[in-house]
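Heads up, there are several structures right after this.
Below, chain A partners chain B and then partners chain C, in two separate complexes.
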Partner chain A sequence: MANTFELISSVTVGSGGAASIDFTSIPATYTDLCLVFSLRSSDGSDYCGLKFNNSSSSFSSRQIYGNGSGAGSTTRSNNDLTGSQTPSVYTSNVFSNNAIYIPNYTGSANKSYSRDSVFENNGTNAIQTLEAGIWSNTSAINQVTLVHPSATFVQYSTATLYGVSNA
Partner chain B sequence: MASTYTPIATTTLGSAAASYTFTSIPSTYTDLVLVFSGTLSSADYVCMRVGNGSIDTGSNYSHTDLSGNGTSASSSRSSNATYFFTAPMNTNQNNMIINFQNYSNTTTNKTALLRWNTPLTDGGATGVVGAEVALWRSTSAINQIRVLTYAGQNFNTGSTFTLYGIQAA
Partner chain C sequence: MPNPTKVIIDCSTGEVHEVELTAEEIQQREDDRIAYEAAKAEEATNAALKAEQKAGLLARLGITAEEAELLLV
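Here is the complex of A and B:
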(Lines of atoms letter the chains of each structure in order from A and count residues from 1; the text may use other names and numbers.)
(Lines give C-alpha, C1' and ligand atoms only; values in the text may rest on other atoms or scores of the structure.)
Protein backbone atom coordinates (compact mmCIF):
# COMPACT_ATOMS: atom_id res chain seq x y z
CA MET A 1 0.00 0.00 0.00
CA ALA A 2 1.40 3.34 -0.99
CA ASN A 3 2.13 5.81 1.73
CA THR A 4 1.91 9.26 0.21
CA PHE A 5 1.71 11.32 3.39
CA GLU A 6 5.39 11.25 4.17
CA LEU A 7 7.40 12.94 6.86
CA ILE A 8 9.90 15.41 5.40
CA SER A 9 11.18 16.88 8.63
CA SER A 10 10.13 17.57 12.20
CA VAL A 11 11.41 20.11 14.72
CA THR A 12 10.95 20.26 18.49
CA VAL A 13 12.21 23.47 20.06
CA GLY A 14 14.83 22.97 22.73
CA SER A 15 15.30 24.54 26.13
CA GLY A 16 16.69 27.80 24.82
CA GLY A 17 13.66 28.56 22.67
CA ALA A 18 13.83 29.49 19.01
CA ALA A 19 13.14 32.71 17.15
CA SER A 20 12.22 30.76 14.05
CA ILE A 21 11.62 27.25 12.75
CA ASP A 22 13.03 26.67 9.32
CA PHE A 23 12.53 23.87 6.80
CA THR A 24 15.08 24.16 4.02
CA SER A 25 15.93 22.15 0.91
CA ILE A 26 12.38 20.87 0.62
CA PRO A 27 12.41 18.27 -2.16
CA ALA A 28 10.30 18.99 -5.24
CA THR A 29 9.17 15.39 -5.47
CA TYR A 30 5.78 15.75 -3.80
CA THR A 31 2.49 17.20 -5.04
CA ASP A 32 1.40 19.10 -1.92
CA LEU A 33 2.85 20.08 1.45
CA CYS A 34 1.20 19.94 4.86
CA LEU A 35 2.77 21.82 7.78
CA VAL A 36 1.46 20.91 11.21
CA PHE A 37 2.69 22.98 14.14
CA SER A 38 2.05 23.60 17.81
CA LEU A 39 3.49 26.74 19.33
CA ARG A 40 3.69 28.76 22.52
CA SER A 41 5.25 32.19 22.78
CA SER A 42 7.72 33.49 25.34
CA ASP A 43 5.89 36.84 25.27
CA GLY A 44 2.35 38.04 24.67
CA SER A 45 2.28 37.40 20.93
CA ASP A 46 -0.58 35.30 19.59
CA TYR A 47 0.62 35.16 16.01
CA CYS A 48 3.71 34.29 14.03
CA GLY A 49 5.01 35.05 10.57
CA LEU A 50 5.21 32.71 7.62
CA LYS A 51 7.92 32.82 4.97
CA PHE A 52 8.26 30.94 1.74
CA ASN A 53 11.75 30.78 0.22
CA ASN A 54 12.86 33.21 2.93
CA SER A 55 10.47 35.84 1.58
CA SER A 56 7.95 37.64 3.76
CA SER A 57 6.52 39.77 0.95
CA SER A 58 3.64 39.21 -1.50
CA PHE A 59 1.43 37.48 1.07
CA SER A 60 -2.25 38.30 1.48
CA SER A 61 -5.17 36.51 3.04
CA ARG A 62 -8.78 36.42 4.12
CA GLN A 63 -9.41 35.16 7.63
CA ILE A 64 -12.47 34.19 9.60
CA TYR A 65 -12.25 33.81 13.34
CA GLY A 66 -14.23 33.11 16.46
CA ASN A 67 -13.17 33.98 19.99
CA GLY A 68 -15.98 32.59 22.09
CA SER A 69 -18.03 35.75 22.13
CA GLY A 70 -18.29 36.60 18.47
CA ALA A 71 -17.09 35.90 14.96
CA GLY A 72 -15.51 38.16 12.41
CA SER A 73 -13.49 38.31 9.25
CA THR A 74 -10.40 40.26 8.30
CA THR A 75 -8.13 40.87 5.36
CA ARG A 76 -4.40 40.81 5.80
CA SER A 77 -1.79 42.07 3.41
CA ASN A 78 1.17 40.57 5.20
CA ASN A 79 2.47 37.17 6.25
CA ASP A 80 1.21 37.23 9.83
CA LEU A 81 -0.66 34.11 10.90
CA THR A 82 -3.12 35.30 13.51
CA GLY A 83 -3.98 33.06 16.42
CA SER A 84 -1.21 30.66 15.60
CA GLN A 85 0.56 30.54 18.95
CA THR A 86 -0.42 30.62 22.59
CA PRO A 87 0.75 33.75 24.47
CA SER A 88 2.92 33.27 27.54
CA VAL A 89 0.34 34.70 29.94
CA TYR A 90 -2.16 31.97 29.10
CA THR A 91 -2.68 28.72 30.96
CA SER A 92 0.64 26.95 31.49
CA ASN A 93 1.63 24.16 29.17
CA VAL A 94 -1.00 25.06 26.62
CA PHE A 95 0.20 25.15 23.03
CA SER A 96 -1.67 26.11 19.88
CA ASN A 97 -2.58 23.72 17.08
CA ASN A 98 -2.23 24.63 13.43
CA ALA A 99 -2.25 23.02 10.01
CA ILE A 100 -1.32 24.66 6.72
CA TYR A 101 -2.01 22.80 3.48
CA ILE A 102 -0.16 24.02 0.36
CA PRO A 103 -1.33 22.41 -2.89
CA ASN A 104 0.93 22.33 -5.94
CA TYR A 105 3.86 23.90 -4.14
CA THR A 106 6.18 23.31 -7.11
CA GLY A 107 3.79 24.62 -9.76
CA SER A 108 4.19 27.74 -11.84
CA ALA A 109 1.09 29.46 -10.49
CA ASN A 110 0.88 31.68 -7.42
CA LYS A 111 0.79 29.57 -4.28
CA SER A 112 -2.46 29.44 -2.35
CA TYR A 113 -2.73 27.79 1.02
CA SER A 114 -5.33 26.78 3.57
CA ARG A 115 -4.75 27.27 7.29
CA ASP A 116 -6.71 26.17 10.35
CA SER A 117 -5.50 27.37 13.76
CA VAL A 118 -6.77 27.13 17.32
CA PHE A 119 -5.66 27.85 20.81
CA GLU A 120 -7.72 27.26 23.91
CA ASN A 121 -7.14 28.79 27.32
CA ASN A 122 -9.86 27.64 29.69
CA GLY A 123 -10.69 31.31 29.92
CA THR A 124 -11.21 34.36 27.77
CA ASN A 125 -9.85 35.16 24.35
CA ALA A 126 -9.30 31.72 22.97
CA ILE A 127 -9.29 31.92 19.20
CA GLN A 128 -10.07 29.74 16.23
CA THR A 129 -8.99 31.02 12.82
CA LEU A 130 -9.51 29.76 9.28
CA GLU A 131 -7.49 31.38 6.54
CA ALA A 132 -7.37 31.50 2.75
CA GLY A 133 -3.90 32.74 1.94
CA ILE A 134 -1.88 33.33 -1.16
CA TRP A 135 1.75 33.99 -1.87
CA SER A 136 1.78 35.86 -5.15
CA ASN A 137 4.94 34.29 -6.45
CA THR A 138 5.30 31.66 -9.17
CA SER A 139 8.51 30.13 -7.81
CA ALA A 140 8.50 26.59 -6.49
CA ILE A 141 8.54 26.55 -2.71
CA ASN A 142 11.74 25.02 -1.37
CA GLN A 143 11.82 26.64 2.06
CA VAL A 144 9.14 27.20 4.70
CA THR A 145 9.83 29.23 7.82
CA LEU A 146 7.80 30.13 10.89
CA VAL A 147 9.07 33.36 12.43
CA HIS A 148 8.34 34.72 15.89
CA PRO A 149 7.49 38.44 15.57
CA SER A 150 9.19 39.65 18.74
CA ALA A 151 10.62 36.92 20.98
CA THR A 152 10.91 33.12 20.83
CA PHE A 153 8.88 29.95 20.53
CA VAL A 154 9.26 28.18 23.85
CA GLN A 155 10.60 24.70 24.52
CA TYR A 156 8.40 21.84 23.30
CA SER A 157 6.92 23.88 20.48
CA THR A 158 6.84 21.58 17.47
CA ALA A 159 6.53 21.81 13.70
CA THR A 160 6.35 18.94 11.25
CA LEU A 161 6.38 19.09 7.48
CA TYR A 162 4.77 16.35 5.41
CA GLY A 163 4.87 15.74 1.70
CA VAL A 164 1.77 14.46 -0.09
CA SER A 165 2.06 12.69 -3.44
CA ASN A 166 -0.74 12.00 -5.86
CA ALA A 167 1.05 9.00 -7.37
CA MET B 1 -1.08 11.00 10.24
CA ALA B 2 -2.53 7.94 8.61
CA SER B 3 -0.04 5.77 6.82
CA THR B 4 -2.63 4.77 4.26
CA TYR B 5 -3.07 8.11 2.55
CA THR B 6 -3.27 6.51 -0.86
CA PRO B 7 -3.87 8.29 -4.18
CA ILE B 8 -6.90 6.81 -5.93
CA ALA B 9 -7.00 9.09 -8.94
CA THR B 10 -5.63 12.43 -10.05
CA THR B 11 -5.96 14.66 -13.06
CA THR B 12 -4.51 17.89 -14.31
CA LEU B 13 -6.83 19.44 -16.84
CA GLY B 14 -5.26 19.61 -20.29
CA SER B 15 -8.11 21.78 -21.50
CA ALA B 16 -10.73 23.87 -19.80
CA ALA B 17 -13.77 21.99 -18.52
CA ALA B 18 -16.88 22.82 -16.51
CA SER B 19 -16.75 19.60 -14.49
CA TYR B 20 -14.63 16.66 -13.51
CA THR B 21 -15.92 13.28 -12.33
CA PHE B 22 -14.23 10.57 -10.31
CA THR B 23 -15.78 7.21 -11.19
CA SER B 24 -15.35 3.64 -9.99
CA ILE B 25 -14.13 4.75 -6.58
CA PRO B 26 -13.20 1.57 -4.71
CA SER B 27 -15.00 0.81 -1.47
CA THR B 28 -11.87 -0.48 0.21
CA TYR B 29 -11.02 2.65 2.18
CA THR B 30 -12.52 4.10 5.33
CA ASP B 31 -12.55 7.78 4.34
CA LEU B 32 -11.84 9.86 1.28
CA VAL B 33 -10.02 13.17 0.86
CA LEU B 34 -10.45 15.26 -2.28
CA VAL B 35 -7.98 18.07 -2.97
CA PHE B 36 -8.65 20.70 -5.64
CA SER B 37 -6.30 23.44 -6.73
CA GLY B 38 -7.02 25.66 -9.68
CA THR B 39 -8.58 28.68 -11.29
CA LEU B 40 -11.91 29.44 -12.94
CA SER B 41 -12.56 31.24 -16.21
CA SER B 42 -14.73 33.69 -14.27
CA ALA B 43 -16.15 33.93 -10.77
CA ASP B 44 -18.66 31.17 -10.06
CA TYR B 45 -19.67 28.69 -7.39
CA VAL B 46 -17.89 25.37 -7.32
CA CYS B 47 -20.33 22.60 -6.48
CA MET B 48 -20.33 18.87 -5.96
CA ARG B 49 -22.64 15.95 -6.53
CA VAL B 50 -22.05 12.34 -5.63
CA GLY B 51 -23.68 9.03 -6.39
CA ASN B 52 -23.55 5.29 -6.68
CA GLY B 53 -23.49 4.06 -10.25
CA SER B 54 -24.69 7.44 -11.42
CA ILE B 55 -24.54 10.99 -10.13
CA ASP B 56 -27.52 11.96 -7.97
CA THR B 57 -29.03 15.20 -9.33
CA GLY B 58 -32.04 15.10 -7.01
CA SER B 59 -32.84 17.29 -4.03
CA ASN B 60 -31.15 14.93 -1.63
CA TYR B 61 -28.45 17.20 -0.31
CA SER B 62 -28.14 19.82 2.40
CA HIS B 63 -25.27 21.95 3.61
CA THR B 64 -24.36 24.64 6.13
CA ASP B 65 -21.47 27.01 5.66
CA LEU B 66 -19.40 29.46 7.66
CA SER B 67 -17.55 32.09 5.66
CA GLY B 68 -15.66 35.35 5.89
CA ASN B 69 -15.13 37.96 3.21
CA GLY B 70 -12.63 40.16 4.99
CA THR B 71 -15.31 42.39 6.47
CA SER B 72 -17.73 40.13 8.26
CA ALA B 73 -18.40 36.53 9.13
CA SER B 74 -21.61 34.87 8.07
CA SER B 75 -23.32 31.53 7.94
CA SER B 76 -26.00 30.15 5.67
CA ARG B 77 -27.56 26.85 4.86
CA SER B 78 -29.57 25.09 2.20
CA SER B 79 -32.00 22.23 2.65
CA ASN B 80 -33.26 19.83 -0.02
CA ALA B 81 -30.53 21.15 -2.26
CA THR B 82 -29.39 19.66 -5.54
CA TYR B 83 -25.71 20.04 -4.69
CA PHE B 84 -23.60 18.55 -1.93
CA PHE B 85 -22.12 22.02 -1.35
CA THR B 86 -21.48 25.32 -3.08
CA ALA B 87 -18.27 27.32 -2.63
CA PRO B 88 -17.58 30.71 -4.23
CA MET B 89 -14.38 30.77 -6.26
CA ASN B 90 -12.75 33.08 -8.76
CA THR B 91 -9.99 33.45 -11.33
CA ASN B 92 -7.26 33.39 -8.71
CA GLN B 93 -5.56 30.23 -7.40
CA ASN B 94 -8.34 28.59 -5.35
CA ASN B 95 -8.08 25.45 -3.30
CA MET B 96 -10.38 23.19 -1.34
CA ILE B 97 -9.98 20.10 0.78
CA ILE B 98 -12.94 17.80 1.39
CA ASN B 99 -13.12 14.93 3.88
CA PHE B 100 -15.74 12.23 3.31
CA GLN B 101 -16.24 10.07 6.38
CA ASN B 102 -17.27 6.40 6.13
CA TYR B 103 -18.19 6.92 2.48
CA SER B 104 -18.69 3.29 1.55
CA ASN B 105 -21.03 2.07 4.27
CA THR B 106 -24.57 1.15 3.21
CA THR B 107 -26.26 1.90 6.53
CA THR B 108 -25.97 5.61 7.14
CA ASN B 109 -26.42 8.82 5.17
CA LYS B 110 -23.16 10.36 4.00
CA THR B 111 -21.53 13.49 5.41
CA ALA B 112 -18.52 15.55 4.44
CA LEU B 113 -16.42 18.36 5.85
CA LEU B 114 -15.14 20.99 3.47
CA ARG B 115 -12.56 23.77 3.67
CA TRP B 116 -12.49 26.12 0.73
CA ASN B 117 -10.18 29.00 0.09
CA THR B 118 -10.64 31.72 -2.49
CA PRO B 119 -7.63 33.99 -2.14
CA LEU B 120 -7.68 37.67 -2.88
CA THR B 121 -7.59 38.87 -6.43
CA ASP B 122 -4.88 41.32 -7.28
CA GLY B 123 -7.21 44.21 -6.54
CA GLY B 124 -8.35 42.69 -3.30
CA ALA B 125 -11.95 43.02 -4.37
CA THR B 126 -12.88 39.43 -3.74
CA GLY B 127 -11.61 36.58 -1.66
CA VAL B 128 -13.49 34.38 0.73
CA VAL B 129 -12.50 31.80 3.30
CA GLY B 130 -14.99 29.19 4.37
CA ALA B 131 -15.86 25.89 5.94
CA GLU B 132 -18.88 23.77 5.24
CA VAL B 133 -20.63 20.64 6.40
CA ALA B 134 -22.58 18.65 3.85
CA LEU B 135 -25.06 15.81 3.88
CA TRP B 136 -26.19 13.41 1.16
CA ARG B 137 -29.37 11.68 2.30
CA SER B 138 -28.55 8.29 0.89
CA THR B 139 -27.36 5.07 2.45
CA SER B 140 -25.68 4.05 -0.79
CA ALA B 141 -21.92 3.88 -0.90
CA ILE B 142 -20.30 6.77 -2.73
CA ASN B 143 -18.47 5.53 -5.80
CA GLN B 144 -18.76 8.61 -7.98
CA ILE B 145 -17.93 12.24 -7.22
CA ARG B 146 -18.47 15.11 -9.63
CA VAL B 147 -17.01 18.58 -9.12
CA LEU B 148 -18.69 21.20 -11.28
CA THR B 149 -19.47 24.88 -11.51
CA TYR B 150 -22.92 26.26 -10.77
CA ALA B 151 -23.24 28.70 -13.68
CA GLY B 152 -21.14 26.79 -16.17
CA GLN B 153 -17.83 28.62 -15.90
CA ASN B 154 -14.81 26.48 -16.71
CA PHE B 155 -12.02 25.14 -14.59
CA ASN B 156 -8.97 26.43 -16.42
CA THR B 157 -6.23 24.30 -17.92
CA GLY B 158 -3.80 23.19 -15.25
CA SER B 159 -6.40 22.84 -12.51
CA THR B 160 -5.84 19.66 -10.51
CA PHE B 161 -8.23 17.23 -8.83
CA THR B 162 -6.87 14.45 -6.62
CA LEU B 163 -8.72 11.83 -4.62
CA TYR B 164 -7.05 10.01 -1.74
CA GLY B 165 -8.20 7.01 0.25
CA ILE B 166 -7.58 6.66 3.97
CA GLN B 167 -7.83 3.35 5.79
CA ALA B 168 -8.46 2.92 9.48
CA ALA B 169 -6.60 -0.37 9.44
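Here is the complex of A and C:
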Protein backbone atom coordinates (compact mmCIF):
# COMPACT_ATOMS: atom_id res chain seq x y z
CA MET A 1 0.00 0.00 0.00
CA ALA A 2 1.39 3.30 -1.05
CA ASN A 3 2.07 5.51 1.93
CA THR A 4 2.60 9.02 0.61
CA PHE A 5 0.33 11.42 -1.25
CA GLU A 6 1.93 14.62 -2.52
CA LEU A 7 0.00 17.47 -4.08
CA ILE A 8 1.12 18.07 -7.67
CA SER A 9 -1.45 20.69 -8.67
CA SER A 10 -4.97 21.80 -7.96
CA VAL A 11 -7.35 24.08 -9.84
CA THR A 12 -10.74 25.65 -9.28
CA VAL A 13 -12.73 26.64 -12.36
CA GLY A 14 -13.35 30.38 -12.64
CA SER A 15 -16.46 32.37 -13.42
CA GLY A 16 -16.35 31.72 -17.16
CA GLY A 17 -16.48 27.94 -16.80
CA ALA A 18 -14.10 25.54 -18.54
CA ALA A 19 -14.58 23.14 -21.44
CA SER A 20 -11.70 21.02 -20.17
CA ILE A 21 -9.20 20.75 -17.33
CA ASP A 22 -5.76 19.75 -18.52
CA PHE A 23 -2.85 18.70 -16.28
CA THR A 24 0.32 18.86 -18.39
CA SER A 25 4.02 18.15 -17.78
CA ILE A 26 3.23 15.70 -14.99
CA PRO A 27 6.53 14.72 -13.34
CA ALA A 28 7.57 11.07 -13.68
CA THR A 29 8.90 10.94 -10.13
CA TYR A 30 6.03 9.11 -8.43
CA THR A 31 4.79 5.54 -8.42
CA ASP A 32 1.09 6.26 -9.00
CA LEU A 33 -1.25 9.16 -9.70
CA CYS A 34 -4.54 10.01 -8.03
CA LEU A 35 -6.91 12.56 -9.55
CA VAL A 36 -9.67 13.84 -7.28
CA PHE A 37 -12.29 16.03 -8.89
CA SER A 38 -15.68 17.59 -8.28
CA LEU A 39 -17.74 18.76 -11.23
CA ARG A 40 -21.01 20.36 -12.18
CA SER A 41 -22.18 20.78 -15.76
CA SER A 42 -23.61 23.89 -17.41
CA ASP A 43 -25.95 21.61 -19.38
CA GLY A 44 -27.67 18.24 -18.87
CA SER A 45 -24.54 16.11 -19.26
CA ASP A 46 -23.80 13.63 -16.47
CA TYR A 47 -20.45 12.45 -17.78
CA CYS A 48 -17.14 13.79 -19.06
CA GLY A 49 -14.30 12.42 -21.16
CA LEU A 50 -10.91 11.26 -19.88
CA LYS A 51 -7.76 11.70 -21.95
CA PHE A 52 -4.21 10.54 -21.32
CA ASN A 53 -1.41 12.30 -23.23
CA ASN A 54 -4.12 14.13 -25.18
CA SER A 55 -5.48 10.83 -26.54
CA SER A 56 -9.12 9.80 -26.28
CA SER A 57 -8.63 6.52 -28.14
CA SER A 58 -7.65 3.01 -26.96
CA PHE A 59 -9.76 3.25 -23.82
CA SER A 60 -12.01 0.44 -22.61
CA SER A 61 -13.74 -0.12 -19.32
CA ARG A 62 -16.23 -2.09 -17.28
CA GLN A 63 -18.59 0.01 -15.18
CA ILE A 64 -21.13 -0.89 -12.52
CA TYR A 65 -23.65 1.62 -11.28
CA GLY A 66 -26.61 2.10 -8.98
CA ASN A 67 -29.14 4.85 -8.34
CA GLY A 68 -30.82 3.75 -5.14
CA SER A 69 -33.64 1.91 -6.90
CA GLY A 70 -31.79 -0.14 -9.48
CA ALA A 71 -28.35 -1.25 -10.53
CA GLY A 72 -26.59 -2.35 -13.67
CA SER A 73 -23.33 -2.70 -15.48
CA THR A 74 -21.92 -1.82 -18.84
CA THR A 75 -18.85 -2.37 -20.96
CA ARG A 76 -17.46 0.63 -22.79
CA SER A 77 -14.93 0.96 -25.58
CA ASN A 78 -14.56 4.71 -25.30
CA ASN A 79 -13.20 7.22 -22.81
CA ASP A 80 -16.37 8.41 -21.11
CA LEU A 81 -16.61 8.66 -17.34
CA THR A 82 -20.31 7.94 -16.83
CA GLY A 83 -21.88 9.63 -13.82
CA SER A 84 -18.94 11.91 -13.14
CA GLN A 85 -20.60 15.30 -13.10
CA THR A 86 -23.83 16.73 -11.71
CA PRO A 87 -26.19 17.86 -14.51
CA SER A 88 -27.40 21.47 -14.40
CA VAL A 89 -31.01 20.44 -13.78
CA TYR A 90 -30.08 18.76 -10.50
CA THR A 91 -30.09 20.50 -7.12
CA SER A 92 -28.41 23.89 -7.31
CA ASN A 93 -24.83 24.20 -6.11
CA VAL A 94 -24.35 20.45 -5.77
CA PHE A 95 -21.18 19.03 -7.29
CA SER A 96 -20.15 15.43 -7.98
CA ASN A 97 -17.34 13.62 -6.15
CA ASN A 98 -14.85 11.49 -8.07
CA ALA A 99 -11.46 9.85 -7.73
CA ILE A 100 -9.35 8.13 -10.36
CA TYR A 101 -6.34 6.06 -9.31
CA ILE A 102 -3.66 5.33 -11.92
CA PRO A 103 -0.97 2.89 -10.77
CA ASN A 104 2.42 2.63 -12.48
CA TYR A 105 1.74 5.58 -14.77
CA THR A 106 5.34 5.71 -16.02
CA GLY A 107 5.62 1.96 -16.70
CA SER A 108 5.95 0.35 -20.11
CA ALA A 109 2.77 -1.73 -19.84
CA ASN A 110 -0.76 -0.64 -20.77
CA LYS A 111 -2.18 1.74 -18.18
CA SER A 112 -4.99 0.55 -15.93
CA TYR A 113 -7.07 2.80 -13.72
CA SER A 114 -9.94 2.59 -11.26
CA ARG A 115 -12.62 5.20 -10.65
CA ASP A 116 -15.38 5.90 -8.17
CA SER A 117 -17.99 8.59 -8.73
CA VAL A 118 -21.10 9.79 -6.93
CA PHE A 119 -23.62 12.57 -7.29
CA GLU A 120 -27.11 13.15 -5.94
CA ASN A 121 -30.28 15.06 -6.69
CA ASN A 122 -32.29 16.82 -4.02
CA GLY A 123 -32.09 13.90 -1.62
CA THR A 124 -34.30 11.83 -3.90
CA ASN A 125 -31.79 9.84 -5.87
CA ALA A 126 -28.06 9.26 -5.91
CA ILE A 127 -25.95 7.79 -8.65
CA GLN A 128 -22.83 5.80 -7.86
CA THR A 129 -20.41 4.38 -10.42
CA LEU A 130 -17.41 2.11 -10.06
CA GLU A 131 -15.17 1.60 -13.05
CA ALA A 132 -12.21 -0.54 -13.95
CA GLY A 133 -10.55 0.81 -17.07
CA ILE A 134 -7.51 0.44 -19.23
CA TRP A 135 -5.74 2.67 -21.71
CA SER A 136 -4.06 0.32 -24.17
CA ASN A 137 -0.94 2.37 -24.64
CA THR A 138 2.54 1.70 -23.28
CA SER A 139 3.67 5.33 -23.14
CA ALA A 140 4.34 6.95 -19.79
CA ILE A 141 1.48 9.25 -18.83
CA ASN A 142 2.54 12.90 -18.65
CA GLN A 143 -0.81 14.55 -19.29
CA VAL A 144 -4.29 13.93 -17.86
CA THR A 145 -7.34 15.79 -19.15
CA LEU A 146 -11.00 15.95 -18.23
CA VAL A 147 -13.16 17.07 -21.16
CA HIS A 148 -16.73 18.31 -21.01
CA PRO A 149 -18.59 16.62 -23.89
CA SER A 150 -20.77 19.51 -24.99
CA ALA A 151 -20.64 22.59 -22.74
CA THR A 152 -18.55 23.63 -19.72
CA PHE A 153 -17.73 22.70 -16.15
CA VAL A 154 -19.22 25.50 -14.07
CA GLN A 155 -17.44 27.81 -11.66
CA TYR A 156 -16.16 26.15 -8.46
CA SER A 157 -15.66 22.79 -10.14
CA THR A 158 -12.32 21.52 -8.89
CA ALA A 159 -9.62 19.04 -9.85
CA THR A 160 -6.60 18.04 -7.79
CA LEU A 161 -3.77 15.80 -8.92
CA TYR A 162 -1.70 13.87 -6.38
CA GLY A 163 1.48 11.94 -6.89
CA VAL A 164 1.73 8.77 -4.84
CA SER A 165 5.02 7.21 -3.79
CA ASN A 166 5.61 3.94 -2.02
CA ALA A 167 9.17 4.66 -1.00
CA MET B 1 -18.82 33.83 -30.72
CA PRO B 2 -15.52 32.81 -29.07
CA ASN B 3 -14.61 29.16 -28.66
CA PRO B 4 -15.03 27.65 -25.18
CA THR B 5 -11.90 27.78 -23.07
CA LYS B 6 -9.82 25.12 -21.38
CA VAL B 7 -7.85 25.36 -18.18
CA ILE B 8 -4.25 24.18 -18.55
CA ILE B 9 -2.19 23.43 -15.47
CA ASP B 10 1.56 23.12 -16.09
CA CYS B 11 2.57 20.72 -13.32
CA SER B 12 6.27 21.51 -13.76
CA THR B 13 5.79 25.20 -12.92
CA GLY B 14 2.40 25.33 -11.21
CA GLU B 15 1.24 27.93 -13.73
CA VAL B 16 -2.41 27.91 -14.78
CA HIS B 17 -3.50 29.23 -18.16
CA GLU B 18 -6.89 29.61 -19.74
CA VAL B 19 -6.95 29.32 -23.53
CA GLU B 20 -9.57 28.79 -26.23
CA LEU B 21 -10.09 25.29 -27.64
CA THR B 22 -8.68 24.79 -31.11
CA ALA B 23 -10.89 23.72 -34.01
CA GLU B 24 -9.35 20.24 -33.82
CA GLU B 25 -10.14 19.95 -30.11
CA ILE B 26 -13.73 21.03 -30.68
CA GLN B 27 -14.09 18.44 -33.45
CA GLN B 28 -12.56 15.72 -31.23
CA ARG B 29 -14.94 16.64 -28.44
CA GLU B 30 -17.87 16.34 -30.83
CA ASP B 31 -16.61 12.99 -32.16
CA ASP B 32 -16.28 11.66 -28.61
CA ARG B 33 -19.77 12.89 -27.73
CA ILE B 34 -21.25 11.12 -30.75
CA ALA B 35 -19.44 7.90 -29.81
CA TYR B 36 -20.82 8.15 -26.30
CA GLU B 37 -24.38 8.75 -27.49
CA ALA B 38 -24.09 5.79 -29.87
CA ALA B 39 -22.90 3.53 -27.05
CA LYS B 40 -25.78 4.67 -24.83
CA ALA B 41 -28.30 4.08 -27.62
CA GLU B 42 -26.93 0.59 -28.23
CA GLU B 43 -27.18 -0.20 -24.52
CA ALA B 44 -30.81 0.97 -24.48
CA THR B 45 -31.63 -1.14 -27.53
CA ASN B 46 -29.99 -4.21 -26.01
CA ALA B 47 -31.79 -3.68 -22.70
CA ALA B 48 -35.14 -3.37 -24.45
CA LEU B 49 -34.47 -6.50 -26.49
CA LYS B 50 -33.48 -8.43 -23.37
CA ALA B 51 -36.63 -7.30 -21.54
CA GLU B 52 -38.75 -8.36 -24.51
CA GLN B 53 -37.08 -11.79 -24.64
CA LYS B 54 -37.55 -12.21 -20.90
CA ALA B 55 -41.25 -11.34 -21.10
CA GLY B 56 -41.71 -13.76 -23.98
CA LEU B 57 -40.01 -16.58 -22.11
CA LEU B 58 -42.08 -15.99 -18.97
CA ALA B 59 -45.25 -16.02 -21.07
CA ARG B 60 -44.29 -19.33 -22.69
CA LEU B 61 -43.51 -20.82 -19.28
CA GLY B 62 -46.72 -19.43 -17.82
CA ILE B 63 -45.02 -18.01 -14.71
CA THR B 64 -44.41 -14.54 -13.30
CA ALA B 65 -41.02 -12.86 -12.88
CA GLU B 66 -41.30 -13.35 -9.10
CA GLU B 67 -41.92 -17.06 -9.58
CA ALA B 68 -38.97 -17.30 -11.95
CA GLU B 69 -36.73 -15.72 -9.30
CA LEU B 70 -37.71 -18.52 -6.88
CA LEU B 71 -36.14 -21.01 -9.31
CA LEU B 72 -32.79 -19.27 -8.95
CA VAL B 73 -32.60 -19.37 -5.14
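Things worth noting here:
Keep in mind that, in the parts below, the second predicted complex is superposed on the first by the 161 of 167 C-alpha atoms of A that agree within 3 Å, B and C clash if a C-alpha of one lies under 4 Å from a C-alpha of the other, contacts with A are read in each partner's own complex, and residues count from 1 in each chain.
Quick note on the criterion: contacts are C-beta pairs under 8 Å (C-beta built on N, C-alpha and C of every residue); 3 or more make two chains touch, one makes a residue touch a chain.
The structure presented is a predicted model; accordingly, all values stated were derived computationally and were not measured.
Applying the stated contact rule after C-alpha superposition, one finds that A:74 touches each of chain B and chain C.
Contact with chain B, but none with chain C, is seen for A:101 once the two complexes are overlaid on the shared chain. In the superposed pair of complexes, A:9 makes contact with chain C only, with no contact to chain B.
Of the two partner chains placed around the shared chain by superposition, neither chain B nor chain C is touched by A:138.
In the superposition on chain A, A:125 contacts neither chain B nor chain C.
Residue contacts after overlaying the shared chain place A:32 against chain B, while chain C stays out of touching range.
Within the superposed three-chain model, A:91 lies out of touch with both chain B and chain C [touch as defined at top]. Here chain B and chain C are compared by how many residues of chain A each touches, and B touches more. Looking at chain A, you'll find residues 74, 77 touch chain B in one structure and chain C in the other.
Within the complex, the chain C residues that touch chain A are 4-14, 16, 18, 21, 25, 28-29, 32-33, 35-36, 39, 43.
Taken in their complex, chain A has these residues touching chain B: 1-5, 31-32, 60-66, 71-75, 77, 101, 103-104, 107, 109-114, 116, 130-134, 136, 162, 164-167.
Put simply, chain B touches chain A in their complex at residues 1-7, 10, 35-37, 39, 66-73, 92-97, 115-120, 122, 124, 127-131, 158, 160, 162, 164, 167.
Contact residues on chain A toward chain C in their complex (touch as defined above): 8-9, 11, 13-14, 16-27, 47, 49, 56, 74, 76-80, 147-152, 161.
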